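When the chains are written out, they are named A, B, C and D in that same order, and each has its own residue count from 1.
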Amino acid sequence: MTAFKTREPRAVVTRDPNFEQKIRLSFQHQGVMHAWGAELVAIAPGYAEIHLPFSDKVKQQHGLFHGGVVATVADSASGFATYTVLEADEECLSAEFKINFLYPARGSKLIARGGVIKVGRTLVIAESTVSIVKDGIETECGLMIHTMARAKHVRTGM
Amino acid sequence: MTAFKTREPRAVVTRDPNFEQKIRLSFQHQGVMHAWGAELVAIAPGYAEIHLPFSDKVKQQHGLFHGGVVATVADSASGFATYTVLEADEECLSAEFKINFLYPARGSKLIARGGVIKVGRTLVIAESTVSIVKDGIETECGLMIHTMARAKHVRTGM
Amino acid sequence: MTAFKTREPRAVVTRDPNFEQKIRLSFQHQGVMHAWGAELVAIAPGYAEIHLPFSDKVKQQHGLFHGGVVATVADSASGFATYTVLEADEECLSAEFKINFLYPARGSKLIARGGVIKVGRTLVIAESTVSIVKDGIETECGLMIHTMARAKHVRTGM
Amino acid sequence: MTAFKTREPRAVVTRDPNFEQKIRLSFQHQGVMHAWGAELVAIAPGYAEIHLPFSDKVKQQHGLFHGGVVATVADSASGFATYTVLEADEECLSAEFKINFLYPARGSKLIARGGVIKVGRTLVIAESTVSIVKDGIETECGLMIHTMARAKHVRTGM
């Protein structure tokens, strides 16, 4: 009955001194986060944390958080974690992600924690873990691996 | 400059004569679909099609559909396609999915088409393709593979 | 009891008139394919097909083809399908892949068919379907989605 | 320039007191591991570690370990990690896996470390990290998430 951890801590380097400001502004413009009442709770080098309260707007047919909603907050968390390591004039675009659902997402709040795994020249690999909070107890319910392509000059339509 | 198709058509068997009614009711209870104004446009054996109009509620920071939103409609489409092949007293729960983003989701509407790939005793594998509609032209922007676990007696909280 | 196909044929453009020669040479240098006795049966624009006979060298503990072996031929098939659409001086490197196992791979031969889904400037998305042949009957046993990064000047160690 | 770890250690429970013996026997029967000269270096509750030396039998066209080979040792490592938590009469079958390639696998040896993430009633989720060893330095080159279905009575053909 031992415990085992397969992932070692990773050092990250930030390139943009104003990353937090850029990310907070970007989060404000994610209409889907705003409509759901999501909150960017923490941002740090290689890390982002988003909380999402339960509501009718995020549920599926059995009253749980919809799996796609779990994926959406996970995507935003690993995406913003990635923003912390980009150059000031860079953005990132999702190439793909994969999420495993570990536990039914029934509860009052989702907590998505995104972290950077590998910063490459053209791609960044990040991950997110998502927990469901019920009666004050946090249980992991989702695990995402997320591949993003680095890009300059993304045309914005904010 | 030839064309190539790697996927052959698949025959599916329906087990529940009332699958369409069950699915339409289930779709109505997906609060996230309702909040976004999504529409279940077609349901047929092994197939489901969902349309989602663009709005502030589904956008990310550059004015595109959020990648998680693309994943959410894809998840619902392949999920409901799977419902068409289940027994009358069965539900399905997402074990995992993976989505590739093929094209920026900038446009007026998403169309997600879900299809069943393999119906096993405990798992069902399905896929969804998602297209973005802009100026009346449809372009594929997402491809999802979706693994679901068959389950009886899912506790509902509708 | 209808059939449904979610994937439309895709047109591909070849950039290297000598792609077949380049791919056949590359296949010869894949030591793992040679050691297993795999055969590159067909190569065409956007398409590659590899056959792998069963042997002790590819089996897992129950006498089936090892899942990793199924993934390896799928990876090679979608990889070589991608080679057909690259420039003459380009290579591609796997960024990631995901494979679903649809059926136990017990039989005399695997057939992997790779096809190109999307050719982007920096990434190519391809897929492979793998079938198991037993008593002359072919059954789909694997489905892979494969993301590759385009690259010039890969240092070779042939 | 801080470091961040998103994964917490996980406690696992073993059900079969003879898991190590069962796994070592099973490893011996994985013909693909034997043919490549792979070695099961460690087995512990929720953990398995496999080493694979470089040879012509595992290389792709540029002299690196083939991506499918990286996936195969990762699959075996997370698979055997999962065996440690199963009942004595159980096996597991791969439903799907996804692997990201973080670094070119050029070197003298691969080290795959598998760990269990979630043990469910019908599914187990595990992961593997793979490192490449070159000039005595170990660099992470692969990250796999692996979904397995628990099964009794897998027909063996050893």
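Note that a residue touches a chain if its C-beta (ideal position, glycine included) is under 8 Å from a C-beta of that chain, and two chains touch if they have at least 3 such contacts.
Being a predicted model, the structure only gives us computed values, none of them experimental.
Chemist: For the interfaces B-D and A-B, which has the higher count of C-beta pairs in contact?
Modeler: A-B
Chemist: From the mean C-alpha coordinate of chain A to that of chain D, what's the distance rounded to whole Å?
Modeler: 27
Chemist: If you average the CA atoms of chain B and of chain D, how far apart do the two points sit, in angstrom?
Modeler: Chain B and chain D have C-alpha centres separated by 32 Å.
Chemist: With centres defined as the mean C-alpha position, give me the chain A-chain B separation in Å.
Modeler: Measuring from centre to centre gives 22 Å for this pair.
Chemist: Indicate the residues of chain D shared as contacts by at least two other chains.
Modeler: In chain D, the residues touching two or more other chains are 95-96, 98, 100, 145, 147.
Chemist: Is the chain-to-chain touch network here best called a line, a ring, a star, complete, or other?
Modeler: Graph shape here is complete: every pair of chains touches.
Chemist: Which residues of chain B touch chain C in their complex?
Modeler: My answer: residues 1-14, 44-47, 98, 100, 102-103, 113-118, 120, 125, 127-129, 140, 143, 145, 147.
Chemist: Inside the complex, what are the residues of chain B that reach chain A?
Modeler: 26-27, 29-32, 34-35, 55-64, 66-69, 71-76, 91, 93-101, 104, 106, 154-158
Chemist: Any idea which chain B residues touch chain D in the complex?
Modeler: Touching chain D: residues 95-96, 98, 122-123, 145, 147, 149 of chain B.
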